[in-house]
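Take a look at the following structure, please.
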């Protein structure tokens, strides 16, 4: 029975994610004084990709790469409690806590990396090395923030963290532990890989970055994953710092706002070189994280 | 020069040590207990009129054996060391020696050898002994080398004498172990009458061996050195 | 002063001086032969010390001939032991000196030099 | 029995009568001489036997039939018998060794040769000091004679130097003797001891002169330039005599005359010994000339023996054991090395590698050098142990420090020399080994082995069962001619039997979790890692004995209950692993640094044990818990030994190259098994010292930081490696730091993490190294950018590496995640946030090299020369898949290892720990259900895979386009390959963290040692006169020192 609700939740998340993506693309277009695509464009892309008949593969790992990738995204969804106080939509979060989710992000990356790697195109591997390199330092402030809130709430279980934040905006981590929130939100920029940290799979230049190796169904899976992953990371931050959500409406609003923030930053700031971004995460965000641990 | 000054300082240190060494020296007034024993009982125990000889040959005979060995060794080493590799030493032109020296040596050498023999035979009665006698004999022979450089004396004879006397010495020592109190005890053939030539047990015999050995060894050394000299 | 100036002390002093002279020669001379001579002097100095240690005033050599009567010989003769020892020591010194000289001879034959500074092949 | 006097009589008689045969056939004279010496040896041996077997009284032999002091008397007692036997045996062996020399040089030299030993015999026996002087002269004159056995120019000049020096010394002795006669009235040593010489004015100076002469006979540093020249220039056969027989005799003289000086002289002698020991060993580091090194080492050893002699009071009844065990080892080993040097006949130690293809000679050299170093199982090891422990017992830690420091200097040059000996040589000149030259060395090595056994039994520290491994090793060595296949089977059988006896029969009944775990890692792991051995062709000479020794050493660690057993096993394991590593083709330099670090660590541990013994008076390991006053010291000292083994930051520089250069199947052994010995040691140490007493509670904090930093630096360095083995090696440093951090948290979870993680690390590190080795076995290259695309050729290896890195990176659902999860909880509970953060950061950094590893080997386009490759040999794959199965089981059901360990730990950390509800483990912070995660993941993965499969019809596989090079450069094209210098931007950003400043600083220290030594040794000007001056200066300085001049 639970499996049904889990799939339902997944369905909701995917649709929401697609819409959100379309809307945000439109907003950024307007910021850039352009008309932009219709908000349902992501649906079209997705359907088109899944519908493409011709398939090329470079080998087993190339074939399995997207599977790994999507498993990573779906896995995060599966182990994340969505709606607080709602047994149905707490998914499989009883199987593991915050740490599990943090480490589940890696599986997707690894799968992507392996898959693209077998493609054999040097640009994809260059993109992967960049991505991994940036990722290592992005994680540092986030880890510090997590430790900080773990000290604060004396738990690593997301459900309990959310529970501790109930009862008004003043109880949110945002208020009770602003330093940790700051550090985490800065590293969130890096996780979402919008500008200035999007040199990894730079979308404007062609062809660069792992996704360009894939097409058709493979690419469709990657897109699906990106949608799910984006939303889920937003939800993760919502749960950790913004008091979680007690119903779908709040979830959508909070998720949208949290997701909008890196897009906004990306629309405003130019892009970093990879070594610059690596260092950047070790300066201000890490400092914030350390302070968050000291002044908890 | 600085180095020498430094060495001078060091030597002052040495001098200080030696002075301290004899700081407690107050001339003897009487014989020590051991010396006393030697002088008092020497005649009875060893039967040699020359107490020094008694000490050298019997009481501390073992030292003497070692001493002979040392001479023997240095002779052997020098002999080995200075052996002429190139046997064609014919072109060595040696100093011409004067007629006087030549003639004199012919007279003197036998007398010197005879005197040497006398000295070591009477070692237990009068001053002297094997070493002195041997040295005299050797000097006689050295005189002969100087007088007649051309005259060749084979090492073989010297070696034979050396070996015989050496083995004889050791055998006398063993005789001491077998027939008397211990190694090199001279009391193997009776002490004889005190103060006569045939007295003091084995001492004269040992001294004969020592004399021959020392003589031959010193000669050997001199001979090797001579064969090496080559001033052209 | 006078009683300090007896044969023994003279002997000791001379011995020490000879030893020092020998050492000086041994340590400062550059000529191999002179070094050997220095060593021989050192040797001799030691021998002088030995003999003079055994000496006793107004006494004669430890040979019991008609000059010395056997009954109270112990009152009449000097200590025989140092004399015996010095005899041995002299012979040993002789042997070593002979060896040294033959070495010098050989070194000279090989390098045609008596300068000790020329024999520093092995070092450090 | 034949009286000792016949020793003299026969030698002299024969020597004199040799004159008859001068011209005759030289074989006759040699035969005579040899027979005489053999008989002399027989006499002394017979007396020794008499003293050992039944209560033989010490006897006096009076010459001339008068009692001493009136005549010269000889003494034959137990000590005399021992020394005489040693000297004469050496004489006999040297006679054999020098056979052709003596025969060529003729009767004169034969006389000289045998009279040397006659002289030494008398010197040992005589009780009359003037007589001693005379026969000392004999021995020095004969020595001078033998020096010029070969009339080489430098031999002659060094002989002259020797004459001058020994002349001065003997004159000093003579003056002393005559003065002593005047003041004491006797030349009989016993009388001199009884007399009141020391208290007469001037008498003390006489004693001083006598003793200083004896000391000078021992060639004390720095007044020993002449002796060194002799060692260097004389034929090695003579060197053997000088350091074996003459030095031994001089020691006995000191032992005989020291009572005259009384106790007041013990300290000065000890100080002289210290100066010699430290000085000459320190200068030895700079030497290149084999014989001269041996000279330095002999002088050092004599210094050590002088120290021991001066400490006889503190050593008490152990004195004889210590003295003789060290003396005999030195005497045999040094002589043996001189003989080998004579066979090799090369001055420069760099040229010694011509024995590369002579295994026999290599083994001999190894035995001798390791004996000198006092490594187990050789006699000096027990001697050193007793020495240090007894000194510790009486609290002489200055002496301990000095002794160990000197031994370390000695280790430096001897081991470097040994390394050079094994260098692979280009010059193909063949070495001819005459039988009569090798024979003495063989005999002495046999004697060494015999004495190893005897000393071990006498020391009473070893029970017979400790010799089983050696027996097996010797057996394997004897069977070395067999092909690898059979020997491998034998080795596996041995280890299996061992593990059966230890684990199944001992620990499981005792339910001793810790020992079960490490027994499993050490022994079962050994069985697995021996399988690849089947792929090796040929003989692999000497490999299997070492392997057996290493693993039995590891087993000994688990077995050990006393500090001695522990130290023994530790040293043995270190030694064996060193010899295994050095077998690698280019492993000489790196194995040198490995053994140096290990020995330094071992010495520290040694001092630590000594300190503990000093306080508790017990050598039981548990007694460490009772150390209170010096707890911090003991803790640090012992811990350093273990930190070296797990290559913590600061002492890690030996590890990467050693792992890289070792044979491909040795690397997994050391990297996944051997390092765990350090972990085990730390656990033992912490269990007894951090838990049971609070005295040293702050040290774990420091260790924690060290661990965190090693984790960071290890991983950082791993990223940039282009050599695949080196990459994995550096990651080992990181993981070990991680384990160290877990242990030093001193909490239940921390320890649970560390211990379970050492199992996991064993599994995946062995897996990775085996896979990598299997790949290298095929590709014949270690450069990672020369591989690629191998997934199609070696799918099985790919699976191994994939599993390996997923576990290493700690991703769910595999068991690596268990470590990370417990770790978070432990860190947050413990409150070590920043160290924790560093460790997590390094954990993420680990991704970079994990990906590099798997991608650059298996993915991307394949290289042209690899298109034909096959999957690697099955012998590499079998252990890999056993390990994979292990990982999988633990991943699905981690409870099976975590729960028992938890139970075991709750003995020490009650209250905390994991709470198990079904398959869910939970702490006060979080929860985690490995089984469920695994199921969810599997289900999800399967579903998605099926979806993809259904949606993607008629997939056509296409080759990659070979566009891996951005542009060809004529030289080193790989630099433009994308896989070369993969993480350049990362290096640009954070490269400073990987700067090799630690390596540089260590090298700086090493270099400056050399520089200093180079300056110091300049005072050996090579001028005989200067050496004479040194002697005189030494005397004066010593005099001033004695009389408080300064």
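Each chain carries a letter (A, B, C and D) given by its place in the written order, and its residues are counted from 1.
By definition in this document, a residue touches a chain if its C-beta (ideal position, glycine included) is under 8 Å from a C-beta of that chain, and two chains touch if they have at least 3 such contacts.
Not measured: the values here are computed from a predicted model.
Each of B-C and B-D has its own count of C-beta contacts, and the greater count is at B-D. Computed from the mean C-alpha positions, the centre of chain B lies at a distance of 16 Å from the centre of chain C.
Chain A and chain C have Cα centroids lying 102 Å from one another. Chain centres here are Cα means. That of chain B falls 55 Å from that of chain D.
Note on chain placement: the centre of chain C and the centre of chain D lie 52 Å apart, centres being C-alpha means.
For chain A, residues touching at least two other chains: there are none. Those residues of chain C in touch with two or more other chains are numbered 19, 23, 27, 53, 81, 85, 88, 92, 95-96, 99, 103, 106. With touch defined as above, residues shared between interfaces to two or more other chains in chain B number as follows: 7, 10-11, 14, 18, 22, 25, 32, 34, 38, 59-60, 63, 66-67, 70, 73-74, 77, 81. Contacting chain pairs in the structure are A-D, B-C, B-D, C-D. For chain A in complex with chain D, the touching residues are 50, 53, 55-61, 63-64, 66-68, 70-71, 74-75, 78-79, 92, 94-100, 103-104, 106-107, 109-110, 113-114, 117-122, 125-126, 128-130, 132-133, 135-136, 139-140, 143-144, 147, 150-151, 154-157, 216-218, 221, 273-276, 278-279, 282, 289-290, 293. Residues 19, 23, 26-27, 30, 32, 35, 39, 42-43, 46, 49-50, 53, 81-82, 85, 88-89, 92, 95-96, 99-100, 103-104, 106-107, 110-111, 116-117, 119-124 of chain C touch chain D in their complex.
In the complex of the two chains, the chain B residues touching chain C come out as 4, 7-8, 10-11, 14-15, 18-19, 22, 25, 27-32, 34-36, 38-40, 42-43, 49-52, 54-56, 59-60, 63-64, 66-67, 70-71, 73-74, 77-78, 81-82, 125-127, 129, 131, 195, 214, 221, 224-225, 228. If you check the complex, the residues on chain D that touch chain C are 130, 134, 137, 141, 144, 151, 153-154, 156-160, 163-164, 167-168, 171, 174-175, 178-179, 181-182, 187, 228-229, 232-233, 286, 1017-1018, 1020-1025, 1028-1029, 1032. Interface residues of chain D facing chain B in the complex, by the touch rule stated above, are 3, 5, 8-9, 12-13, 15-20, 22-23, 61-66, 69-72, 105-106, 108-109, 111-112, 115, 119, 122, 128, 130-131, 134-135, 137-138, 141-142, 144-145, 148, 151, 175, 179, 182-183, 185-186, 200-203, 205-206, 208-209, 1029, 1032-1033, 1035-1036, 1039-1040.
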